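Each of the next two complexes has chain A plus one other chain: chain B in the first, chain C in the second.
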Partner chain A sequence: MRDAQASARGRAPSASFWLATFLAVAALLAAARLELFATLHALGNVEGELLARFAAAAFTPALEYESSVPAGTMPLYWKVLEGLRATLGFALAGLSLALLFGLPLGVLCARSTWRSEARGAFSTAARALWFASRALAVGLRSVHELLWAALFLAALGASPLAAAVALALPYAGTLAKVFSELLDEADERAVRALEHGGAARWQSFVAARLPGALPDLTVYAFYRFECALRSAAVLGFFGVPTLGLYIAQAFENQHLRELWTYLYALLLLVLAAERWSGALRRRLSA
Partner chain B sequence: MNGSAPHFELRELAVSYGAREVLRVPQLALERGSLAAIVGPSGAGKTTLLRVLGLALRPSAGELRLDGRAVPALRGRALRAQRAALGFVHQELALVPGTSVLHNVLCGRLGRSTALGALRTLLYPSRAERSRAHALLERLGIAELLYRDVEQLSGGERQRVAIARALAQEPEALLVDEPIASVDPARGRAVLELLLELARERGLTLVASLHHVELARELFPRVIGLRAGSLALDGPSELLDARAQRELFALAPGAGHA
Partner chain C sequence: MNECQRWKAIQALRRARPRAHFVCASALAFALLVAWAWLTGGFLASAFGTGSAERLARFARELEPHALRDRDFDLGAALAWFAERAHTVGLAASANTLALAVAATALAALLAWPASFFAARTLATAEPFLANPRPATELARLAWRTLRASVRTAFVLLRAIPEYVLAFLAVALLGPLAWALVLGLALHNAGILGRLGAEMLEGAPPRAAAALRQAGATRAQIACAALAPQSATRFLLLLFYRGETCLREATVLGMVALPSLGYGLAQARARLFYDEMLFFIACSALLVLAGDLFSTWIRARLGATRRGSCA
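== the complex of A and B ==
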């Protein structure tokens, strides 16, 4: 089980894969917003021209606004930094909420939490609670964060809290699943030995079950942080002021060189996060 | 505490898994401070008997009395207190992987402290608790390993950590399952001598299961022989002469050669 998970983590899509996906989604969303396909159809063969301009802009990202802006507008580099800060902030807020809710849920989803030592099996009440916890976790993670975002932002407006909660819900469901599996994989002999030495169940949980799960859980939480960065950026397309919002606006205004500036900023952010979590992973698994 | 009653007493004890009976002991008594080895071929029920004595396994029939008191009635807090008084050293050692030697030794204190006190002990051991753990490891000759990860230790070192954890419970008895199975043969005798010394200096009742009959006979004052789940022999170790050994290890009646 542990091996399977480790290799699953090893095969986790790379930053470039995610960037490509992100670009594709961004382009599609922007295209839909601009009714681009209908326009292109009307204009005939403009499609090739736009793609060529988009590709060319990649080599000349904007260092200043492409069109004149009202006096007092913050400079472009400041806007990029602001977008990065907001993206980082939403990712951190979302992941913190997800941990706060997902870790207790993970304990409730673990088989080992409910199994009684005396009977070696579940009581009916325990089975019901276990099932309810797992159903909740499945429900949370089966809806993608963008759908949660569409729901919450429609209901509550583009409030920062709504965006963070939209991010946190599916992440909590996934964290709960992974955490419960890590807890169930703990060395049962050590847990039993402590209980046979007089430890209460919650004591053996803290002393023997948790220490086995924590390093892997930390590594996984860092991986989810990378995911949260990308998700936070995409939330910009719903009006949340992250890099995604600036990307959508730049596309709408056909400021393709500005668009690339934002994309490169996002790429750097994700790469930095990946470096950081990679270093931590190596230290924990050493 | 009843001074005259034996420390451990079994009456008409039987352990079954489903319909299969794996252990039957009509009567067995161990006084406080007795030093006994359980011997017999593998599968004879040595570990099962130890687990019953250590309150890790409930007998299917009959009863276990500790200091004259029947224990099947024990539950919850009372069961935990009684278990804390019995130090068990498992054959597979059962240390907490990925944690320090200190953490493992402190785990032995869990049954002896209040709920929150135990948590504090594990997260922020006090100077006194650390020095007690250190003293215990010093007695076992591995004081320098206090902060090492248990996964970096040799088999013999890990075994000493498991013994230290059991002693940290401040037990009245030490129950040890196959102590020489996890160390090389040359060290086996030294481990047994150490266990006997520890039991004598602390006045503990010591019961160890051993597949090595010669060492049991030489080092332990008392032997308990099991054969195919029944009590075949119980008394001073002189009883375990060549003939008794042959009988103990002879093939069970009806079993043919493979």
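== the complex of A and C ==
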């Protein structure tokens, strides 16, 4: 018993213990920097009236405009559909562009593209190309889509293509990063069998590595579709005519019931996409 | 076996191959949706917005730092300008942005980890881990199922709404406080961490829990003595991976007069100070890169697989 206690005392704390401690200290420092403890009481001083109206509006989302609108304005349900259409359209346009660039970039970023069991190590040129593609993927990803949008909208004006490209750039970087990892993790046996049988690198890639990784690639691409819908909605806050724009405008006009209508529409859209990608994931991931 | 028979046998095998109809239909539907988006979205009709050439020229001109315009370009001077801006506003803004991300990640963990125990199918049930010698009543089953479903629904709703929208609503309701941004980020991430945490608890090896149950431990005792320690390290890893995303999202939150990168960008954008905008975007990229590197390093040291689910 005493031995057990002694050895328990003598044992060095695990890495996760240090990590948790580090995280707790970092969180306290962060809270101090943002004065979160000093302003904690402000959370209690919320304008009760606004909060009550907001909460009440959740149960009675608007079915018609809350204030009178000029004759000829499209009805609210039509506006909601229009917002959904735009959100879906921007998400799809952005994601398809991202896939178009992300998949080739992902192939270039994969270690396995450049090095295989049968053929030995990287050449210097291959290493340089591999590094350059990884740097490109990381660089694209490190700037948030809203920041890309801020740049493009300033440079090109409010054009739909600018918004779609802004969405596509960081998504292409993320897809490339994850796709390259999935390609690297794909089953090696079929690849090796083909290469030992004399297949060229591109042949083993097309016939074994890519098909092997395809289920995982598909699942991840569909998962990014959910994310793209959310991002497209948020682009609305920067003036792109998606649901986010309607949400921001409804709040500015204090039309809280309309705001909830748009929120519910966004929620339904994202949940539907999640259902879809979830069903796909259950069928594809072993 | 002659050639013809061989061909027939191959065809028979081909017909009998397993086919994923749902997957094929999904791929086709997705392709059609993409075609629809490109055909109806007006993306190609208006490659450039109104007054484009002029606007683009002005943008390119004003991208150059104000202090350096009307001079020959000089990399040294540009770097000196960047360093000076970083010293006056950039570092403080980056520190505030980092603080937002860290506080939000920690708050999300505090909310999600305990909640995930109530969402795990193995634990939040009337008969955890072993069949109860006295089978649970219908009422107990119903109560546990309701509790689990409501926690799961809360997770789903929180993660369905983007963090930016949650932060916007929080600012609208709470007023311009740093708390609003932290809450917006933390709530969305709590939804994600909660789901991943619950999946992790369900996948944890059940031996220890079952042994405790056999010895008469209660549900709370199982959670504290077996599941929590078993899942702590993996939950921490998850946290670091979400932290990367939090940092990335924190760089765009600028609706509160907290001098963060997002706030600086919003100000520069409103005033059409393109050089200033570029400066804040460069700071964001550097901060996100540094965060990614740090988190990758930590996760590699803890021997994690690299793949997560949301970026």
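We adopt the following convention: the second predicted complex is superposed on the first by the 233 of 286 C-alpha atoms of A that agree within 3 Å, B and C clash if a C-alpha of one lies under 4 Å from a C-alpha of the other, contacts with A are read in each partner's own complex, and residues count from 1 in each chain.
Here is the rule we go by: contacts are C-beta pairs under 8 Å (C-beta built on N, C-alpha and C of every residue); 3 or more make two chains touch, one makes a residue touch a chain.
As the structure is a computational prediction, the values presented were derived from the model and not from experiment.
Contact with chain B, but none with chain C, is seen for A:A200 once the two complexes are overlaid on the shared chain. In the superposition on chain A, contact is made by A:L284 with chain C only, not with chain B. Contact with neither chain B nor chain C is seen for A:L169 once the two complexes are overlaid on the shared chain. Contact with chain B, but none with chain C, is seen for A:P211 once the two complexes are overlaid on the shared chain.
Contacts of A:F54 after superposition on the shared chain: chain C is touched, whereas chain B is not.
One of chain B and chain C touches more residues of chain A, and that partner is C.
Contact with neither chain B nor chain C is seen for A:L84 once the two complexes are overlaid on the shared chain. In the overlay built on the shared chain, the residue A:A233 is in contact with chain C alone; chain B does not reach it.
Those residues of chain B that touch chain A in the complex are listed here as 54-56, 80-85, 87-88, 90, 92, 94-99, 103, 107-108, 110-112, 115, 118-119, 122, 165-166, 169.
On chain A, the positions that touch chain B within their shared complex are 187, 189-190, 192-200, 202-204, 206-208, 211-212, 215.
The touching residues of chain A, when paired with chain C in their complex, are 14-16, 19-20, 23-24, 26-27, 29-31, 33-36, 39-40, 42-43, 46-47, 50-51, 54, 85-86, 88-90, 92-93, 95-96, 138-139, 141-144, 146-147, 150-151, 154-162, 164, 174, 178, 181-182, 185, 218, 222-223, 225, 227, 230-231, 233-234, 237, 244, 247-248, 251, 263, 266-267, 270-271, 274, 276, 279-280, 283-284. Residues of chain C that touch chain A in their complex: 20, 22-23, 26-27, 30, 33-34, 36-38, 40-44, 46-52, 55-56, 59-60, 95-96, 98-103, 105-107, 109, 156-157, 160-162, 164-165, 168-169, 172-175, 177-179, 182, 232-233, 236, 239, 248-249, 251-252, 258, 265, 269, 272, 274, 277-278, 281, 284-286, 288-289, 292, 298, 301-302, 306-307, 309-311.
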